Structure formats: C-alpha cells, structure tokens
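Dropping the structures in below, format is structure tokens.
You will see chain A twice below: alongside chain B first, and alongside chain C after that.
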Partner chain A sequence: MHVILDALAMIGLSYVMGFLFYGFYRQFSARVQRRWGPSIWQNFFDNMKFLLKSETLSHGPMFFFGPMIIAAGAITTVLFVPFLKDSDWLQGFSHSGNLILIVYLLVVGPLGNALAVGSSGNPFGVMGVTRGLTRLMGLEVPFFLGLALVMLQHETTSVHAIMAAQDGIAQWNLFTNPIAFMVILLPFIASQNASPFDVVGAPVEVYAGPRVEFGGRLLGVLMTQNMMMTIAKLVLVVDLFMGGATNIFILIAKAFSLFLLTAAISLAFPRLKTEQTVDFFWKVPLGLGVLGVVATVWFPWGA
Partner chain B sequence: MSLIVKMLFLAVSLSPALTLLVWGDAVAWPLLGGIELTFDLNPVSGFFMLLLALGAPLVALPMLRGAHEGPAYGLYALLLLGMQLLLLAGDFIGFFVGWEIMTWSSYLLLLRSERSDLEGAQSYILFNLASAFLLLAGILGFYSLTGDFRIEALASAGPAEQLILAALFGGAFLIKVGTLPLHIWVPRAYDQAPDTFSAFLSALMSKMGIYGLVLLPTLFPQGLAGLLGSLLNGPAAGYILAWIGVITSIIATFKAISQEDMKRLLAYSSIAQVGYITTAIGVGSSLALGGALFQALVHTLVKLLLFITFAGIILQTGQRRFNDLGHLIDRMPIAFFAVLIGIIGLAGMPPLPGFAAKYLIFVALIDARWLLLLAAMLLSSTAAFIYCYKLIYAPFLGHANSPEAKAATEAPWPYLVPQVMLMGLLVLLGIFPGLAIELVIDPVLIGLGMAALGAPSPGELATAYGGYDGVVLMSVFGSAFMIVTGLFFLLRGRMRRAGSAYDLSFAGEVPTAETPLHYGAGMGRELRRIPLVDWILSRTTTRFQAGLTRQSLAASGLLGGLYRRDPQTWILLAVLLFAVALTLMLLAGGL
Partner chain C sequence: MYHNNHCEGFQCEQRMLEASLGEEGGELGVLDRLVAWMRQRSLFVLAYGTGCGAIEMRPLMTSRFDAERFGIIGAATPRQADVLVISGYLAVKTLKRVIRSYEQMQEPKYVIALGSCAINGGMYWDSYNTIKQVDHYIPVDMYVTGCMPRPEALIEGFAALQEKIKRGEPGGFQRYRENIDWYKGNQRRVLGDNMPPDYTYDWYHAGGTA
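What follows is the complex of A and B.
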C-alpha cells in the first residue's frame, strides 16, 4: 500500500512540478523577449487539451505503442530517482536501482520514440530521430564522465549513498567537486532538449522533427512524459550535486534554482546545428572532463 | 535417407551439450617422449562449452532446411569436434590441434557459399593462419621456458620473456577476435559466409579468441599486473590491452553506422562488441572479468538471434541491403520482435542483460580509476544506438522499397524456433541477472582464483559499488506500460488508422508511391559532418595492410637473396660445414 501511494505521489509531484516549471519557462522567456507570454498554467491547459482530443490518427501498432513505451520509461525513471533523503516517502523503487541504471533509463524514451517515428513512415521524422540520437552520442560522453567523477569520489553508484555523504552545504558536490558539475552542466541542458542544444521538434522553420506525425492524445502522452522526465533529471542533479532535499519545499526550491540557471543559459544562446553541438561537447565539456580526470585521478594529491 | 542424415546431424550438433553434461574425469593420452595429452573440463572451458552447447544446435536447425548438403554437415561436425578439442585441452598441443581443425573446417565451410570470392576467402585463411603461427610461436616459446606443454602458470621467466610470450599469444587471440587493424577478414568473412553460418562465426568462433584472452593472464605468475607493473588501480599491460579494445570498438561502431549491407553492419558491430570484452579482460579485476564473461554470454545470444533472423529475412526476400527492404513489421512480426529484443540487448539497455554486462564493465573501470577509458567506451556504446536503430528501422519500419519486401512472409519454422528460444533466454537473463552470476559467471571466477561476485537473490546484481534488481525493474516497467496503455483507452475519443501509407505531414505536399520516402541506407550519412567521425571514417587500414604486405615481401626477398641459383653449391657447403663441425667436436672429445 505504502509503495503504491508513494509511487502515485512521485508521479503526481513530478507532473505538477513539470507543468509549473514549463509554464514558468514560457513566462520567463516571454519577459526576456519583452512579450506578455501565456499564463503559468498554460502548459497544463495545453496538455489537457491534447489528452482530451476526440480523434487521434495512428500509423500502425508500433506507432501507437511507441509513446506508451516512452511514457512507461518516464514513469520508471521517476520511480527510480529518490526525491527526498532520510525519508520514507517519495523514494519509489530507488533502493533497487543505481545511478548508471538511471542514466540508461533516461535513454529508453528516445529509443521508444525512434520506433514510433520510424513506424510512421515520415522520412523527416526519422531525420529528426537521427539528429536526436546523434546529439545523444555527443552529450552522453561528457555527461557520464562527469557523473563517473562523482561516483569515483564517493566510490559508489548508489544515489542514496552519494546524497547521504553531502551533509552540509560545504559538503555539496557542487563545491567539493566543481569540475564534475561544470562538465555535466551543458550536456544536462542538452539532455533536457533545451536551447541551444535542442533538436527541432515539430512544425517550426523546417517541417521536420521527431514529433512531426503525432497528434491528439498521442501528442498529449508525449508532452506529459516530457514534463515528468524533465523533473526527474532536475531532481537527479539536485540529489547528486546539491545534497538532495529533506522535504518537498527544499526540493522544489533547489530544483527551481537549478532550472533557473539552465533556463537562463538556454535563453542567452541561439540553437546550434546538431553536428556543431556534438563537436562542441567533444571539445569543451569533454576536454574539461579529461582535465578533471588528470587533476583528480592521475595525480596523487587528488582522490 | 536424407532425413536420417539430417537427424544424425542434429544429434551431432548436440554433442557440446552432451560433453558438458556427462564429462567425467580428466583423460590423459601419453604421446611420444613422455609428453602426454590431457583433456579435462574446468570451469573456464566449461563456460565457453556452455556457449557452444547453446549455439551449435540453434545454428544447426536452420542449416537443416532445404536440400541435403552432406559435405556441409560433415564440415560442421568437424568444426564442432575441433572446438570441443580446443576447449577440453589441458595442454597446448591439444589446444593447437583443435585450433587448426577449427580454422580449416570453417574455411572450407566458408568456401561453400556462392557469395565467397577469392579475396574474402584468402583474407580469412591468411589472417587465421597468421594467428595460428603466432600461437605456435608462443607455444614453442612457452615450451622452451618450461619444458612442458601443460597450460599453467610459468614458474620462472624473466620479464622480457614474459612480455614476448604475452605479445605472441595476445597477437594470436586478438587476430581471432578481429581487433583493429587486423580486423579486415571479419566483415568479409561474415558477409560472404552462408547466412546461417555467419551466426556461428560471430557468436561462437570469435569467443574462442576470448577464451584464449581469458587464459592468457593465467600463464603469468601475477597475471597481467606482473608484466609491466600497475597503473592507477589496475595492471599497466591491461591498460594497453583495454585501449586496444576500446579504440577497436569506437572505430568499428562508426564503420558499422556507415554500412549499407545488413550482414556487414552486424559484422562491424560484432567487432565492436567483442572490443568491449577485450577491454574488460584488460582491466582484469574480478568485477571486470565477470563483466567480460557476461558480455560474452549476451553477445553470443544476441548475435545468434540477429544473424539467424536476418538470414531468415534474406531467405524470404533475397535482399540484403538496407535500401531494398522496409515495412516488414506487418509481414514478419516475429522477426521484428526478434530484432527488437536483439538491438535492446546489443545497445545494453535495461531491462535486458546487455545492461548487466555493461554495468559490471563500467563499475570495473571506475574501480580501476580508468575514467578516460570509461568515457571512450561510452562514446562507442552510445554511438551504437544509431546503428541499432538502423537495424530495426531500415528493414521493418518506413516504406517497403522493393517488390520482394512488399510480398515477403515470415521465415520458415527452423528459423523461428531458434529466434523464439533466444528471445526467451535474453528476457530471462534480463530479469534474473543474479541467477546468471551465480550459475554461470561465479564458477569461472572461482576457477580463475578470483573473488566471486555473488548475488543476494536471483534478480539482483550486486557489487561493492551498488547494484540493481532486475525483477523490480522489469515489473515496474511492465506495470507502468500496462497502466499507461489502459488509461489511454479509458480516455474519451477514438483512434483512426491513417488512410494510406502516404497520408503524411510532408511539408505541405502529398507524397506518392514515386516519392523516395525510405530513409534506409542514408541514415547516419550526416554524421560525417562531425569532424571526429569524418576523420575516423575517411581513414582505412588498407594502407597499413599494404605496408605489411610490402614489408613481408621485402623480408622474403632478403631471405631469398641468400639462396643462389645453384643449390648444389649450398648443399656442398652445408655438408662441408657439418663435416668440419663433427671433426671439431670429435677432436674436442665430445659426442
């Protein structure tokens, strides 16, 4: 019973946080661009509108099951990330998982998406998927290297143990291992599909992208999982670098400050081409990561 | 008559399983000069025998289909015999004999394919002979140091001698697993071999090289660490081996992405996956070897599954290029699921066992403090997603691109039975990684004198760095999937199937049957815009190979220059020299 309630609470919290954060982002970007922007609830309204559409076009069974796989992947990811530390609540199944598993679960979504898009038979959609997978190849290397620095620092892959090791603000990995944070920050933005590393999603200037064929309720499911996934990733970074949180309010505050940082970076830079993104990740964050490895692992004064 | 032969053949293909089950005590067979051949099944060879026992009948089943092919059955039986001999051998003589039987019988099997050309066949036999000669040189070197052919640790040997032995044996086994730049025979052979036999080559024969690499550290008193000392938290000699493995897998992965032929893609992917195993063996810790063995097990199952499935597709359509297929999902649903399971395993995604293997290897690299290797390995393993996607998109999704693809039907049952069995095995291993550790991996680690990994429960994979529970993972994912799908149908509204395959959002146009809509072989072409990938893909090892050829020609020219045209003079000289030497020795009071 506790497990079911806990799981429902995690899913609900990540959904609510998801649409509020995205609503805020739309307001924030509008104000930066001197527009009024939509209300903070707009993402919720949009999502409900999609989910309640009366008609949905499908291109075959795999086209339908793809979004289901993505949503199941997102829920699984949320349930394997511990939201709070030193608490019985909002833990999900995180004790049966670890950091490397979570990093791989983050990828289930893109792959399920890839299957559905391929099944739609739209070559522009497949092009978008290939771009997404290419970007994944670029971002994953520095992202994982940064996380590996943290795993090495604490000699564990357990998110719980890493959280527990950061007692006070001075022990936050953000301060004890700043190189790792700098290494993962930009790939983290890319993994959120945020500017400047985004892949063109739906009808924009080029009528192409992974979402091009989806509409109605299927698009609603995709939007829901996207918002939940964003929160899962934010909470993961809060757990790993900002000491986790002991209650929901601290969690929201920490996740929000991190979101504000990434949103500010996103708004300041225009979109890069996919291959530029990959090249950038393999030069700057990965180069920094290599320096980090040399400084902390190879030399005796490090860990 | 032919039915009896076929049944007999199937029975022969079960012989590795029989050996595994009923093998009793060691068998010794005295050879001349006090040397005896010993055959025994130890845990290490037992593991590879298990792979053979699993794979041999599954490959034999589709081979049985169609016309009766006596010679092929005979050669396959001989091949199985050679591999069992190799695995059971307790000394290098039996090992070498088994190795040679394996090489020659597989070569003759390869020649039976109508697709094999002179170049492919020659490169297969030349590289494998080079491997065998390196092995022979290593064995003779080993004998000169110990005076014994038994496979066990060297008692006394200087560091230089150990290094030379490691290089000779390592070279032999690395050629067999297709390490760059000595890989050139692999894509050719896997491509040209009879379609079902490619499964055997990739899944099982490449594992014999891995068997050798696993045995290699046991030849030295302190394993790999005794060779060049240690680096960070692992052996320095292993660091070199690990980089060889990782660079192999990165380059092979990008090569795989750029292939336009299904079997060639699988061949390059095989090189890349075996590269991970090489890396893990280089790390050498018990975690890493556990990962290497797990990866070997998963790779065997996945490659059997994929090669047999694609053999079925080639059988039904006659097409082997990504461009010429498409939209087989409706016509070959079992094959679709087989490839889906296969690529999830290949990509190392949870919840299938590929993830457990990757997890062990990653943790082992962190434990060894070899983070740069970890980053490099991650590059290859995420780039693998792209070719995995190509493997499922181009044949099964998108639009059918040839008349054969539009009319294809599911492959006959001898192809489907192995597919279904392998899918089941992969899913089971994914749910119960701990079971695999307890039953299959730990005995080998104990046999090698290392710490067992252990598993608290069948579903759990546990390491000192933390672990995960496959049962929980699979049930969470499964119930989430069912709940989401259920809720979706509870929502108001209805689903409508698109009117035709051309009912697409196509930039405001209406595509027709003439519009090129299939993205098959083009996928991944745009990767060349990334400077590093372009750099890798624009280089080939042909110049290295040509240089090798030039050097060996020059060397043989040098040797040939010693001989004059008139051999009589040389023989006379040799006889005279012999006589003088005898006389001298007699005078010195010897003999």
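What follows is the complex of A and C.
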C-alpha cells in the first residue's frame, strides 16, 4: 500500500512540478523578450487539450507503442530517482536501483522515439531523429563521464550513498567537484532539449522533428512524459550535486534554482547547428571531463 | 437595430454577430465546461499564408501584440493545430492544399477566415481562379473583416472564437462532419478530377469519432 501511494505521489509531484516549471519558463522567456507571456498554467492547458483531442491517424502498431514506451521509460525513471533523503516518502524503487540503472533508463526515450518515428515514415521526423542521434553522440560521452566522476569520487554507484555523503553545504559535490558539475551541466541542458542545443525539434526547420506526425492524444502523452522526465533529471542532478533535499520545499527550491540556471543559459544563447553542437561537446565538456578524470584519479581532493 | 443611434453600419452588424457571445453556457455540465474552458485557453494556430493578409499574422507572435498571452501559439504542423487561419484570397490550386491540411487536423478544430477575400471574394470577386466563399468548401467558425485586417482585429477574432468555444457551441467541424457530402460536392465542382485523396476524409463516412 505504501509503495503504491508513494509511486503515485512521485508521479503526481513530477507532473505538477513539470508543468509549473515549464509554465514559468515560458513566462520568463516572455519577460526577457519584453512581452507579457502566457499564464503559468499554460502548459497544463496545452497538455490537457491534447489529451482530450481526437486521434485519427495511425501508422501501424509501432506508431502507438512508441509514445507508450517513451512514457513508460519516463515513469520508470521518475520512480528510480529518490526525491528526498532520509525519508520514507517519495523514494519509489530507488533502494533497489542505482545510478547505472538510471543511466540505462535515460536511453529508453530516444529508442522509443526512433521506433515510432521510423514507422511513421515522415521525412521531417526521420530528419529530427537523425539530428537527435547525432546530438546524442556528442552529449552522452561527457554526460556519462561526469556521472562517472561523481561515482569515482564517492566510490559507490548508489544515489542514496552519494546524497548521504554530502552533509553540509561545504560537502556538496557542486563545491567539492566543480569540474564534474560543469561537465554535466551542458549535456544536461541538451538532454532537456533547451535552447543552444535544440536542433532536434526546431519548429520552423524540421516542423517539430520527431513529433511531426503526432497530433492528438499521442502528442499529449509525449508532452506529459517530457515534463516528468525533465523533473526526474533535475532531481537527479540535485541529488548528485546539491546534497538532495530533506523535504519537498527544499527539493522544489533546489530544483528550481537549477532550472533557473539552465533557463537563463538557454535564453541567452541562440540555436547551434548539429555539427556545431557535436563539435562543442567533443571539445569543451569532454576535454574538461578528461581533465577531471585525471585529477580525480591522481589527486583525490574530493575525499 | 439599424435604426439605433448608438451604432451605425458595420458596427451594428458586428454587434449583432457578437451579441450572443457574452451569455453563459447554461446547457453544459460542470465537467464539459471545465474542458471547454481549458480548450479555449490553448489554441495552436496553423497560419495558412494564402494571400496578402498573411503579412498581418506574423506580428501577432511578436512582442508588440503577443498573442501567446491568450494561449495562442503557432503550430508546427496541421496535426498539432486547433485553428486554421485562412488569410486572404484562395486560389483554386491552394484550396486543395487547404482542404488536405484541414482534414488532417485533429478534432476539435476551428477555422478563421481573415479578410474580405475569404468572405465574399473581396477585390478578386470576378477573378477566374479564386474561391469566392470559403464557407462553401470548408466550414468557417469566425470571420475577421477588413482588407487587410489589423493584428488587433485578428486578436479580437480569436477572442470571439474563445468565447464561442467556452460556451460549448457546436464548432464548424461538426457541420463539416454532418454535411460532408454537400462540402465534398462543392469541392468537386471547382476541383474536378483534381480532388484530394479519399483517405484524408473517408473516416467521416464511417460515422464514428475514430
């Protein structure tokens, strides 16, 4: 009973936080562009509207199962990321998983995407997926290197142990291992499809990319999972670098400050081309990551 | 109404058209009203730039007019759009594309006709290859008059459409579904053999909501 309630609470919380954060992002970017912008609930309205629309298109069973696979991947990821530390609640199944499992789960999304878009056969969709996989090539290596740095530093793969090791603000990995944070930050922005690295869904270039064929309810499902996935990733970074959170308010505050940082970065920089993105990732974050590995292995200042 | 002195000419017409908009939707249930309310807050627009009126659509998304504060944003493809804006004159050749785009949109869907060309042919009233009344070929929910209408007029049109959705009035897509044979007949009359393929509308004949 506890497990079921807990899982539902996590899913609900990540959804609510998801649409509020995205709503805030739209307000924020509107204010930067000197206009009023939509209300903070706008993403909720959009999502509900899509979930209540009809769906008359079909491109075979895979077209339907693709979004379901992606959504299942997102929900599982949410359930394996511990939201709170030292608490019985909002843990999901995180005690039976670890960071390596989460890394695997993060790849389920792009896989389901490729399957669904492949069966639709829309050239713009295929173009979007190609761009996405190329970008994935650039961002995965530094991202995993950053995670590996954290695991090396603490010599464990358990998210709980890493959280427990960061007691006070001085022990946050953000400060004890800033290189790893920097290595992760940019691929993290890219994995959220935010601005400098948003070639995949570029609206006027490839007409929403992988989502071009999805219209009614399936698009609603895709939007929902996207919001939940964003929160899962934010909470993961909060757990790994900012010492986790002991209650929901601290969690929201920390996740929000991280979100504010990424939002500010993505509002300040315009979109890069695909090859520029990959070039950038293979040079800056990857170079930093290699430096970080060398530093962590030979000069263990973190411990 | 025409003999009143508080309005004259087209103002009276406008008022007559909008007179029913302010009333409460009594016939909707609570849940329906909630759904309708969320629907009207989120309109994805497919801007079909057919005529010169298209020029006036772009400023809507800019900082000055900022349609996003009403929940109105551009959609990338017809499949994700709720509102089709036909901005100006429609050539016979373009009509075919418009019909295909319209039939790909998921219900509920709405059409706004922008400018006098879409209403009665406008300055192309005697042209040999433009459509005179768009309403005969696809169902129009809201007209915005003018040649060309200002962005403010278009926003007004959107606001009126939102009122209409909120009150749960049957949209044009229901009319299209019920009178599909009439619409198809009209389309066939101008397009001849050059009709869009059957598979974009044959589910209308199946009768279900699919």
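As a working rule, the second predicted complex is superposed on the first by the 288 of 303 C-alpha atoms of A that agree within 3 Å, B and C clash if a C-alpha of one lies under 4 Å from a C-alpha of the other, contacts with A are read in each partner's own complex, and residues count from 1 in each chain.
We adopt the following convention: a residue touches a chain if its C-beta (ideal position, glycine included) is under 8 Å from a C-beta of that chain, and two chains touch if they have at least 3 such contacts.
Not measured: the values here are computed from a predicted model.
In the superposed model, A:Leu219 lies in contact with chain C only, and not with chain B. When both complexes are overlaid on chain A, the residue A:Gly121 reaches chain B alone and has no touch with chain C.
In the superposed pair of complexes, A:Phe45 makes contact with chain C only, with no contact to chain B. Once the two complexes are laid over each other on the shared chain, residue contacts for A:Asn193 go to neither chain B nor chain C.
By the touch criterion defined above, A:Gln33 reaches chain C but does not reach chain B. Shared-chain residue A:Val290: touches chain B; no touch with chain C. Residue contacts after overlaying the shared chain place A:Thr176 against neither chain B nor chain C. Contacts of A:Gln153 after superposition on the shared chain: neither chain B nor chain C is touched. Looking at chain A, you'll find residues 52-57, 203, 207-208, 212-213, 216 touch chain B in one structure and chain C in the other. Here chain B touches chain A in the complex through residues 232, 327, 329-330, 340, 347-350, 355, 358-359, 362-363, 366, 369, 371-372, 374-375, 378-379, 382-383, 385-386, 389, 392-393, 396-399, 460, 463, 465-469, 472-473, 476-477, 480-481, 484-485, 488, 491-498, 501, 503-508, 516-519, 523-524, 526-527, 529-532, going by the rule given at the top. Considering their complex, residues 51-62, 64-65, 68-69, 71-73, 75-76, 79-80, 93, 96-101, 104-105, 107-108, 111, 114-115, 118-124, 126-127, 129-130, 133-134, 136-138, 140-142, 144-145, 148-149, 151-152, 155-158, 161, 203, 207-208, 212-213, 216-217, 221, 274-275, 278-279, 282, 286, 289-290, 293, 297-298 of chain A touch chain B. Of all the residues in chain A, the ones that touch chain C in their complex are 26, 30, 33-39, 41-42, 44-46, 48-49, 52-57, 203-204, 207-208, 211-216, 219. Those residues of chain C that touch chain A in the shared complex are 35, 38-39, 41-42, 44, 63-64, 66, 68-71, 74, 76-77, 79-80, 82, 104-108, 203, 209-210.
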